[in-house]
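I'd like to ask some things about the structure below.
Naming follows writing order (A, B, C, D, E and F), and every chain is counted from residue 1.
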Amino acid sequence: MSDSDAPRVCPNPYRVTIADGDSTTDLQILEGTLGPAAVDIQQLYGQHNLLAYDPGFRSTASCKSAITFIDGDAGILLYRGYPIEELAEHSNFMEVAHLLMFGELPTLNGYKPFWTEITRHTLLHEQVLNFYRGFRRDAHPMAIMVGVVGALSAFYHDDIDLQDRDSRIHAALRLLAKIPTIAAASHTYSVGRPIRYPCNDLDYAGNFLQMIFGVPSETYKVDPVLSKAMDLIFVLHADHEQNASTSTVRLAASSGANPIACIAAGIASLWGPAHGGANEAVIRMLTEIGKAENIPKAIARAKDKNDSFRLMGFGHRVYKNFDPRARVIQKWPRMF
Amino acid sequence: MSDSDAPRVCPNPYRVTIADGDSTTDLQILEGTLGPAAVDIQQLYGQHNLLAYDPGFRSTASCKSAITFIDGDAGILLYRGYPIEELAEHSNFMEVAHLLMFGELPTLNGYKPFWTEITRHTLLHEQVLNFYRGFRRDAHPMAIMVGVVGALSAFYHDDIDLQDRDSRIHAALRLLAKIPTIAAASHTYSVGRPIRYPCNDLDYAGNFLQMIFGVPSETYKVDPVLSKAMDLIFVLHADHEQNASTSTVRLAASSGANPIACIAAGIASLWGPAHGGANEAVIRMLTEIGKAENIPKAIARAKDKNDSFRLMGFGHRVYKNFDPRARVIQKWPRMF
Amino acid sequence: MSDSDAPRVCPNPYRVTIADGDSTTDLQILEGTLGPAAVDIQQLYGQHNLLAYDPGFRSTASCKSAITFIDGDAGILLYRGYPIEELAEHSNFMEVAHLLMFGELPTLNGYKPFWTEITRHTLLHEQVLNFYRGFRRDAHPMAIMVGVVGALSAFYHDDIDLQDRDSRIHAALRLLAKIPTIAAASHTYSVGRPIRYPCNDLDYAGNFLQMIFGVPSETYKVDPVLSKAMDLIFVLHADHEQNASTSTVRLAASSGANPIACIAAGIASLWGPAHGGANEAVIRMLTEIGKAENIPKAIARAKDKNDSFRLMGFGHRVYKNFDPRARVIQKWPRMF
Amino acid sequence: MSDSDAPRVCPNPYRVTIADGDSTTDLQILEGTLGPAAVDIQQLYGQHNLLAYDPGFRSTASCKSAITFIDGDAGILLYRGYPIEELAEHSNFMEVAHLLMFGELPTLNGYKPFWTEITRHTLLHEQVLNFYRGFRRDAHPMAIMVGVVGALSAFYHDDIDLQDRDSRIHAALRLLAKIPTIAAASHTYSVGRPIRYPCNDLDYAGNFLQMIFGVPSETYKVDPVLSKAMDLIFVLHADHEQNASTSTVRLAASSGANPIACIAAGIASLWGPAHGGANEAVIRMLTEIGKAENIPKAIARAKDKNDSFRLMGFGHRVYKNFDPRARVIQKWPRMF
Amino acid sequence: MSDSDAPRVCPNPYRVTIADGDSTTDLQILEGTLGPAAVDIQQLYGQHNLLAYDPGFRSTASCKSAITFIDGDAGILLYRGYPIEELAEHSNFMEVAHLLMFGELPTLNGYKPFWTEITRHTLLHEQVLNFYRGFRRDAHPMAIMVGVVGALSAFYHDDIDLQDRDSRIHAALRLLAKIPTIAAASHTYSVGRPIRYPCNDLDYAGNFLQMIFGVPSETYKVDPVLSKAMDLIFVLHADHEQNASTSTVRLAASSGANPIACIAAGIASLWGPAHGGANEAVIRMLTEIGKAENIPKAIARAKDKNDSFRLMGFGHRVYKNFDPRARVIQKWPRMF
Amino acid sequence: MSDSDAPRVCPNPYRVTIADGDSTTDLQILEGTLGPAAVDIQQLYGQHNLLAYDPGFRSTASCKSAITFIDGDAGILLYRGYPIEELAEHSNFMEVAHLLMFGELPTLNGYKPFWTEITRHTLLHEQVLNFYRGFRRDAHPMAIMVGVVGALSAFYHDDIDLQDRDSRIHAALRLLAKIPTIAAASHTYSVGRPIRYPCNDLDYAGNFLQMIFGVPSETYKVDPVLSKAMDLIFVLHADHEQNASTSTVRLAASSGANPIACIAAGIASLWGPAHGGANEAVIRMLTEIGKAENIPKAIARAKDKNDSFRLMGFGHRVYKNFDPRARVIQKWPRMF
């Protein structure tokens, strides 16, 4: 959230030079927070009338990020310097959210007010529930998310001041509190069950589960194993650098737009099959497999090159050797 | 819409070199469609473990665009090679939309089916009207646009195949037809008037006006001067290169996401005060001025450096000397 | 609307004296606008610790009214000095409304903007239509009127400044324009027909009729005789002095309350059987009679003292000999 | 509720005489229940063709009230003869309501059925909840009260017989039970929280608090100090003689109109800044002061004659020296 | 509608005898209206403790029908004695409806009031439109029909007196008028278009078409060929004897139940694939064929016994040689 | 549910003969499950061109039923062979439902999954609640049942395969679970109380009672005597052979129609005064009697032949001497 410090110039072995006839200019090489150095090309167009061509922005960094570090070759994922394995074992998602937002894990005294602030915002404005009635019951849940979060921006506009750090933090906490409520409502609306209110007596993951699975005709009891698994999944997906959705949020917001609307923009991007949509493919695959006894056959088919069946959800482009998040999942629940 | 051709390598006076110890590499210089050449930095990270640092992407091009050319110094704005002044004088917005989408102005025979296709999609699915009821009456119209367009993606998801050019075009035409209906409904909802249905007997701008200003208690007669002015404004704002909203749409869509949701993402960005929100500031200024007789005083205040009053909506960062669109507006309606 | 001038002291034969032991005080006798003089008892409580006892306020005037004069013995009803017979013959209800509000009939030039202002306000805020859905279909229409007009006050509150004459007039015009729309909707809601929008091409009475009787499956043609009759009824009921409903409005408003809410208060009072509810009794009687051929029998029953059947709607307590409004109705439609 | 006994003629030192030429008439002086005597002016208009002029009805009593007695000079407020201080200390609002309605405090055996009757009517007809959807979320709560109570009259019309004492009492109990539910819903609707159902396990004030402050995401625990304070406020505001709103209700009802609609009429009057609206000004002032530490500054400003800031809510026109209700508040909570 | 006359005993060659030991009883043979004679078995159970076993009721007649006569071998279909071919050529559906209901075609003077009565009932009670919102947009149209017609019975219950012929006829006319409105709304709801109101200026079939195909953004012009075809289809399907749906209506109504609810019961039966559902299969087949050029291939496939493709909608079980209705369709539109 | 076995030919004393001129044919006499033998008349029409005439189907059996046996003379009612008295004493309604569906009472191990399956389906799809809003509050509850159950068919159509026994059983269980929820909602909607969700912690009858009588303002405690009585009533009404509603369901379903829609058809028939409507008459009579002390007078009036008052709900046409269900009720609650 705080990118204000300009990157420092970096003593390093590279030299990047622009030669225009006889005149030659050196471009500055800047130090990254943890990863590779970066050539400063900001003046390329202004001074040399040259553009840099980089579709997909694989080589271009648009900001200095102090939040997440990935070493794809070594299978390392750090949030604010903490290895994901450690966080998964010792911290819950609320603590990780605090870490990502403020740069440090909450103290015992700091956790309580942070959580209280979250619980104060779990409820949606009643009028927001009307949006759901605008959707057909067979609407794609991601479409519902884009629409409802986009519409939510209408409810919190005049009181957001992007120039004010407290105001930005407040907007972030509000979203952190409300997104599970919105997501759960998208599901219950789809299956024709009544939308559940949040329950602040439960923790973040447990509350999400009761909103997803609870029905008014029975008391919902949170299964602690399921709840911990849910929390773990939230921890592992909390941040993943400048990916398409994160970049979309940043780009949309670069015009000073309403931050909640910009999160809706990010959700739009997340929907795509090349990004979050990959998870949808996993769920379809699991539904196809159906039950545990079908797993060996599925693996056999996946190994058979002539079979169209493919294992989904294994591996990630940036991790060349292994995905550190997969290792955490693999060890679980034995590690608890 | 068609970026498939890779940019050609450009014979030119520049040379950009990366020196790493003794080894030196030349980066390729590519030819732009009309504007400056571009250094290809795609392999920078992969081969040299170097990033390019360019917050705001001022020097970085993410695609080769054959649609719009801007020469900010000369005050030139071309759509598909046609100067904006010519299009403003001789073409209506539907023809310009055809030009931008397909690269050429419609023939006499081609215009009719294009327009017929548009009229077939002006109506919104009735259920979409429910979304509006989810908003407070004082909701910001841009928030309504983000929410409703985002939600619209739910209605057109399974039948969009991004790999299929016809399907992409169909999605674009659908949006071209429905956006005025959605925008007008956002306005009438805010002021508490009944939402109007489109009227396919009117042209694009005239229909938009009747949806904005029409009331059920009276027959709405389109004022041809007002209607032509509206159409002109649509022509002048039809495209403006890789700005924040356009880039947001492209970036969001790079994951293969639903294109209607991606347009919602672009609208989120457009909302910002540094982008489309500037128009909102103009309207606020005009409301403050109030009537024609107050204009001289407003100009005097604007010239007074001690007065906080500022003229809004004049000039644009990319045009160093004059904005070609302003010249068109200035000549109008005398030129017709 | 303008009661600002204090009543003048009146030279007259009466003398009202308060004797408290030896001390004797004369109360001032004030001149009425057209009718009887009035003893000023404002200081009775403050100076003499005496109250005046007058249940029903038959002898007490709470304001000097320059609007309506009734001479019950002579059967005279004047609006702003014009006999009701003249107004019924030569003026329509809009002109009479102008007369009552501003003290004079509109000129040819003055009528047009007055009527235009009315038409600008005939539509209800769309959200107001939701109120109707809160009623059972068998709700009493007067209950709907109290509820909807009361609720309407929410839509026009902050912009009403009771200290400002223009603002008060604007509120009055708004109500004059919207009350027929609200009343017609109360009826169509009761019978399960769609609520009609006003049609500004019709005159005041004609528009009311089309909103009451029109259906979407047919074009409604206004019957000029029916429309004139409706207008005449509006003229005859336009004002009737300090009756219960008018006094309720004035009393409620004496706290500076929202004037639209105060009109709702007046409607509540009008509902009562001793006031406007008498008209309901007439309609029930007419329904019971059913058709023209049953009239002689009904009259015979009314004359039979042993029969419980009574003629309703004939006569009014204040008119000792005849009701001047009945005479107008009796002559009509022959007089046109 | 019971005005049937005619006031008795009062032996007293006053004599009020009307002289018309030579003829002189004495008006009767009647005994008040507790306060000043009253001159009977009922025949003034009928016999002398004179009106009494008393705008605001400061000197005119429209009924003999056995309910409340105020001695403004001595700072005395009695309900049915009981000093307000005693009631505040020993009785809760339900008991006071019983006292006001029936003339006596409930016995131990009488309280239970009275309270049971109240709880049977706390729920609103489900359709009534639809009215709220007719309001914008920024509607003034008093407008909502006027609209919803006015509309409520539609639900209880045919079964109310104003000639029947039991029916009148039943209507009163129904309103006593439903008004808190309606008021709380007005608030929760405004802030976008779900409307709460009443909870009959709580007492009158506690239930009101849970409907105002409760949220579905947490269990609401009634704070006994807050609840007692609320009850005390209800006791102190239970009746205050023939003020504007009470008189409006009586006047509206004098036509025999639906009593619930007449209460809506009274609420309209209560809204005004010269009446209940004064409380709104207090809340605005408190909001402006904001926190306890700002109180000294506020008092200083209030004392500074050049400062526009004024202390609101202190004193009442009828109490010349002190307001007995203020003294009760002042002693509280020490007295419990 | 009038079955009151008991069937007459028929002189005929059959004799049906029940022998129980020595005692032998002859059953009466009754004369049919046009077709075969019938053995009266009403006393079988009462007198002989014997049941008749006839699943599907192929041999059992439950009433004497004077409405429709079918000779399956000869391909004859008569309504009230008129051959279907004649009616198709010379009468519209309204005339045929009159014929079926009253036994005779309307005279010139009789048609007008019949049609006026129909138009008076084409509108649905506004509240009925709410039912549609209870359906998912992908609801089967027949399910919507069952639900909405079933619910309609609530609106017309107390005023239907089954013992009164006029009341029964009124119920029938009401349904005749409203069923097209309900059916069209089922369709427009499914496709997300606004529900259309009927237009009484059009004839029965034309109005149905405008309700099905009309959109608010364009004026709908009825195609006379399409309209005549629709009317013809109505004529040909107007009655078809004691089929499953008709029998269901009669059986349901035998308890004296609400006739509109009983029609809903008949619609439930009509939905089945062995009855009206066969038409659904035809539509699916036509959709599969898609366009005229695919017809030859479809016919070839239908003739190929190894191909699963089957021609749907040709032939009907009761017509052994040909279906007289098919012949009418075949000649059309040449015959007009 | 299983009628697959064809009835066996029965050795018996009857002989039914058809004589056509000289040729004589004997009809087969078939054995009933428990009751009288049946003459097979299936070929009557096909072979002899004769129909059987039997309005009301008193002598005609349309299926062989193994479910219920009634001996009207002896006052015997058996479900699957069990006397109703035994079931009433030892089994609850869920066990009886199991018995009727599967032919046997559930074992201890079998009851649990049966009940669990029921509880999984007690909730209605949220959208179904919208249907209720389509009804006026004074709608007849049976009309609501026909409409809502009819509409419910839309929600469960594609996944019902009538050819598949499991699918049929699943549809039956779903209805068994949902009908109480629908019925209770019909009641609470009528009286304006919020619709209650089912509570799976209660048994079938107890849950029904809490949905009927529960209010959100109080905790509902099931009265065990009332609950047992309700369950007993369900047991006694669980089946009653081929009555009008059951036959309507069977006939409607004979076309292969949606089974839920066919149940709606049966409800339509049940509504009639000659069938289930008789219960409505009982309730009206009880309401008229009012309280226990009025019973002797009511009995006296019922015995007085000149009095129009009649005892309703005693006796049933098929039971000549006594109704076995009445005897069960009479003994209750002493027998528990």
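Definition applied: a contact is a pair of C-beta atoms (placed from the backbone, for glycine too) under 8 Å apart; a residue touches a chain by one contact, two chains touch by 3 or more.
Note that the structure is predicted; figures quoted are calculated from it, not measured.
Could you tell me which chains make contact with subunit B and subunit C both?
D, E
Counting hops between chains that touch, how far apart are subunit A and subunit D?
When the steps are counted carefully, the minimum from subunit A to subunit D is 1.
Copies subunit E and subunit F touch; is their interface built from the same residue numbers (over half shared) or different ones?
The interface of subunit E with subunit F is built from mostly shared positions.
Which chain's centre, taken as the mean of its Cα atoms, is farthest from the centre of subunit E?
Farthest chain from subunit E, going by C-alpha centroids: D.
If you average the CA atoms of subunit C and of subunit D, how many Å lie between those two points?
Centre separation, subunit C to subunit D: 29 Å.
Rounded to the nearest whole Å, what is the centre-to-centre distance of subunit A and subunit F, using the mean of the C-alpha atoms as each centre?
Result: the chain centres lie 56 Å from each other.
Indicate the whole-number Å distance between the mean C-alpha point of subunit B and the mean C-alpha point of subunit F.
65
Check each residue of subunit E and list the ones that touch at least two other chains.
127, 136-137, 155
Chain pairs that touch, all of them, please.
After working through each pair, the chains in contact turn out to be A-B, A-D, A-E, A-F, B-C, B-D, B-E, C-D, C-E, C-F, D-F, E-F.
Any idea which subunit B residues touch subunit A in the complex?
Subunit B residues touching subunit A: 7, 13-21, 29-30, 32, 35-46, 48-64, 127-131, 133-136, 139-140, 142-144, 146-155, 157, 244-245, 247-248, 251-258, 261-262, 264-277.
Can you check the complex and tell me which residues of subunit F touch subunit C?
136-138
For the complex, give me every residue of subunit F touching subunit D.
Going through subunit F, the ones touching subunit D are 137, 189, 192-194, 215-219.
In their shared complex, at which residues does subunit B touch subunit E?
Against subunit E, the touching part of subunit B is residues 119, 122-123, 125-127, 155, 197-201.
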